[in-house]
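Common to both upcoming complexes is chain A, partnered first by chain B, then by chain C.
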Partner chain A sequence: MLLSFENLGPWRIALGIIAALVTAFLVCPLVLIVMLSFDSSPWLVFPPPHWTLRWYRELFTDPDWLGSFMVSLEVGLTVTVLSVLLGLITAIGISRTRTAWRPACETAFLMPMILPVVVTAIALYAFFLRIHLNGTFCGFVIAHLILALPFSVGAILNGLAHIDPAIENAAVLCGSSRTYAIMRITLPSLRPALFSAAIFSFLASWDEVVVAIFMASPSLQTVPVRIWGNLQQDLSPVIAAVSTVLIVLSGLFIFGANFMKSEKK
Partner chain B sequence: MSIFPTRRLRVARGPWLESYGLLLPGLIFLAVFFVIPLCLMLMLSFTVPSLGLEHYRTLFFTSAYRRIFANTFLLATLVTAVSLALGLPVAWFLAIAPRRWSQPVQLVLILSMWTNLLARTYAWVVLLQDTGPINQTLLALHLIAEPLPLMNSLFAVTVGMTYIMLPFVVFPLRNRIAMLEPALFQAATLCGASRMTSFRRIFLPAIATTLGSAGVSVFVMSLGYYVTPSLLGSESRMVLAELIAQLVQSVLDWGLAGAAALVLLVMTLFLYGVQRRLNRQPHTTP
Partner chain C sequence: MTAFLSIRNLHKSYHGNVAVQNVSLDIRKGEFVTFLGPSGSGKSTTLYVIAGLMSPTGGDVLVNGRTILDVPSNHRNIGMVFQKYTLFPNMTVRENIAFPLVVRKRPRDEIEARTNEMLRLVRMEQLAGRYPAQMSGGQQQRVAIARAMVYEPEILLMDEPLSALDKKLREEIQGEIKRVHERTGVTILYVTHDQEEALRLSDRIILFNTGRVEQIGTCTDLYTSPRSRFAGQFLGNSNFMPVEIMDAAAGTIRLPGGACVENVRICDSGDVDHPLLMMRPEDLTFRKAGDCASSFDGQVRSSYFLGNVMNYEIGIPGDYTLTMRVYIDGTEHPPQTGDRVSVGWLPHKAIVFR
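Right, the complex of A and B next:
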């Protein structure tokens, strides 16, 4: 009874109402941001008295904001490439360790994802201050790579679990070298896993705020860091415009990922 | 596999390089840029400014810091409770409602989950401020005489964090509910059980471990959360993560910050262990 929507009786109405309210609770802030980004009043008056593109013009003509988008993109893409490469090597390594060590290895590589980001952030900050990596591009990439790696290792391990190692071994038996077998057989069948590893790694860096706040310097600020800085001062509608851009980007991302998925089937 | 001669030929330089060797780059990276920094932080907490357990004593025995612990636990408990209370019905709905209704809800959940954290928090800052839409509407309807102090309150942080945590409750629970056996419930009905009885005696016990594990993971994430409490919360209700960041950024008290971070770290690891336990438990089928 409880698992058939038609037979839920009065419970069905309750469930429907709660689901609708929660959906509204989730949608409202997003809609509000989008509307405010077109609001002509700088004081975020709601509902907007007039519509304007002014905040977008300000956003896209401000070298600081454009610079931040570039920094975010550069850090994000570098992290993605390194995270997928290192994640791939590590995941293959983990999948080949003896069973007794495997859980320990997995947990070790998951740790940065489990610990509160603020702990990782200040630990890295303390360390980077001492080795003069703070505020550098390299430091930024390393810090985000630490956070991105668990996602990449996880995604690729998950992919490896669905591949029969016998196929690679068969290639080796037929005279291929191990490296060649990995290149020609294991990697191509891992493609979907590598793709999701890349997406998660990129997002882990692109969306990251806390570590970034500590790693940033005035000349090296990712988009979230600049939003954070702005939020400390005022609630300029430019932030609404940036947020809208980010919402649209993540919408496109989901759409793209879904599209890829249906393509695969 | 090992019975094949080709495999044996490779043993000499094979397995070590192919497994442990592959782990090396990752392990070295993790050791240098994760383990060493954490150890450094740990060391600072015992040695700055002088050797001893001074900072831990301060943390545990000063009323101001004890209040911060209390705030942190209160917030995490509230967020967990609200997320579970709202997440369960939504997960249930997603698991059994017709696709044309469940799909939009699911899409909204995914979209909000993938939207930048700061963008979402910013929305709540705007919504809840004195001149924000909520207060304006209530004022216009003459339901209140002056704006409600919604911002910088426990309420605001709870709302903002529940918003972020909901997907972490909904998706695991939906998967679990979708796995339940309909025949069990039909049997219960045939035996004369009311909906309430099957809910209490079959449904809840069957999803209990998932509910527990989702609850623990939301609790852990909430304990160490920094961004939302610092933007939506008030100074007087500071949480542990804010304290740590503030000690490092403005007070430059690395010793105390390290100690607070270590306490947070230990609590997190402990709860993570609990969650792993819960996940490993076989699902009870009553």
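Right, the complex of A and C next:
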């Protein structure tokens, strides 16, 4: 290889320093928020005068926060399941269209990813007002599904591109029905793509604020919405505790996903 | 001839492009038939229509006199080996071969026995537990043949199955295919653009060109009696030279130099504007100068050695080049580049297309 670490000579040190600086830049804010969550001062003083677990106690005894976690999880998981199923059907449909409509279809399904989220949010809000879906779980799921689908369709289309349709044809000639061939031959080969479709779909819903703010009601608030609301009212260190919990959860999630991926190989 | 598989006036066009036009064929049970032709000549499309993976825009495909066009692919009982590697990546060799029987819900011990039999047939018993990704292309295609044969289909379709393999491996698997054909007596339709492969394998060759059937015949038929310039050119290399026909009944022609020759076969081919004389390189021999009318005087432009034969390029008056292939028996001194030579040819072996 032309640019290999071994051949860099003295530049290795420079590269190491740059890498350290970049890492610090990325990690410092996270470290700060984690430290603040253990800060005894209610005014977010840094460095913390004393350490405490008080904010975590408040967080885990507050039914509003716990409720928000449940809402986030329920919306996220429902969106994930629907997004993967619909994404799979859509992607198979698109990948097998041999007409001039194919690029148009693909663009249409990837549109919500390109469109400013605020635009999508306002449009959905106005529309849902008319059909009385505002502030409902169903409306929440539909809104997030629209944001998640492009990721799912994209990931599965990419996966399908690596699968030769001749393999499925071979299964059909072997006597299998088209549906059975898809279930038994195409889907297993598609497993990694379905897996990343699920992860991206879940994350698209889990950490989404803009659309969620429009969809939320006092009794239906996801974690990011509640964080946003609390930030505007009072800046309590409970928010630092929530953030820390989110960081840990996301870390575990990504770690678990990578672990499962490497298990499969 | 009792036709087992008949194709009647098959027509296929898509997006306004005609891929197959008016193809009609009759194939006997147990025959090994090759669809030979350049790429885009309609041979693969015809095969895909028989497999049911494409539907024709016109015409019919009959097996034992009954149309199969209304039968879905998975009920046609046709085996197929594809150009690309199509083993199921999530299954082992054994599971791949057993798949058609599992789908047919055959009893477990029958599946076991048939799968073993197929593994033996293609000599893959040692690798039964491997996954496709762990095998070479040649091994994968052998398993694909076994999978296509395990349910004893009456027809086996092969779409350039060896085109991705190197020459040595290709010849080895050609032998394997030949053996499978002899042992099982299955009717094989084999698509290839490789004339050598077609000659080596088939009972009959169906020559395709621009979506039509150019000629049907045994290998020797096609080689010795091509009915068009395309056929003469595609199968074996040939020398072509414009001539004038003096007397079609007697086969008298006049060569570019002015000499007249009798007894040449005249063939109505329809794909030439001007009468064209075709001579096979191996039908040309060195002569003493002025030996007979049917000879050309020329000069050796280049020669190369091909083991037991020499290949010569001879320049003759009129700026034509003749390719000739001559057996070297070691007793004579072969002509060298630059030597003046006289090349004789056999009028009764040559053909004039008009």
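Everything that follows uses one rule, which is that the second predicted complex is superposed on the first by the 245 of 265 C-alpha atoms of A that agree within 3 Å, B and C clash if a C-alpha of one lies under 4 Å from a C-alpha of the other, contacts with A are read in each partner's own complex, and residues count from 1 in each chain.
FYI, a residue touches a chain if its C-beta (ideal position, glycine included) is under 8 Å from a C-beta of that chain, and two chains touch if they have at least 3 such contacts.
Just so it is clear, the model here is predicted, and its values are computed rather than measured.
The partner that reaches more residues of chain A, of the two candidates chain B and chain C, is B. Looking at the shared chain after the overlay, A:L173 reaches both chain B and chain C. After overlaying the two complexes on the shared chain, residue contacts for A:P188 are found with chain C alone; chain B is out of touch. In the superposed model, A:D164 lies in contact with chain C only, and not with chain B.
In the superposed model, A:V27 makes contact with chain B only, not with chain C. Touching of chain A by both chain B and chain C, each in its own complex, is seen for residues 169, 172-173, 178. Against chain A, the residues of chain B that register as touching in their complex are 1, 4, 6-7, 10, 14-15, 18-27, 29-30, 33-34, 36-38, 40-41, 44, 86, 89-90, 92-98, 101, 104-105, 107-112, 114-120, 122-127, 129, 131-133, 136, 163, 166, 177, 180, 182, 185-186, 188-189, 195, 198-199, 202-203, 220, 223-227, 231, 241, 244-245, 248, 254, 257-258, 261, 264-265, 268-269, 272. On the side of chain A, the complex with chain C involves touching residues 164, 166-167, 169-178, 180, 185, 188-189. Those residues of chain A that touch chain B in the complex are listed here as 1-5, 8-9, 11, 14-16, 18-19, 22-23, 25-30, 32-33, 36, 43-46, 86-87, 89-90, 92-94, 96-98, 105, 108-109, 111-112, 114-127, 130, 142-143, 145-146, 149, 153, 169, 172-173, 178, 203, 207, 209-210, 213-214, 223-224, 227-228, 231, 235, 239-240, 242-243, 246-247, 250-251, 253-254.
For chain C in complex with chain A, the touching residues are 51-53, 73-80, 82, 84, 86-90, 99-100, 103-104, 144, 147-148, 151.
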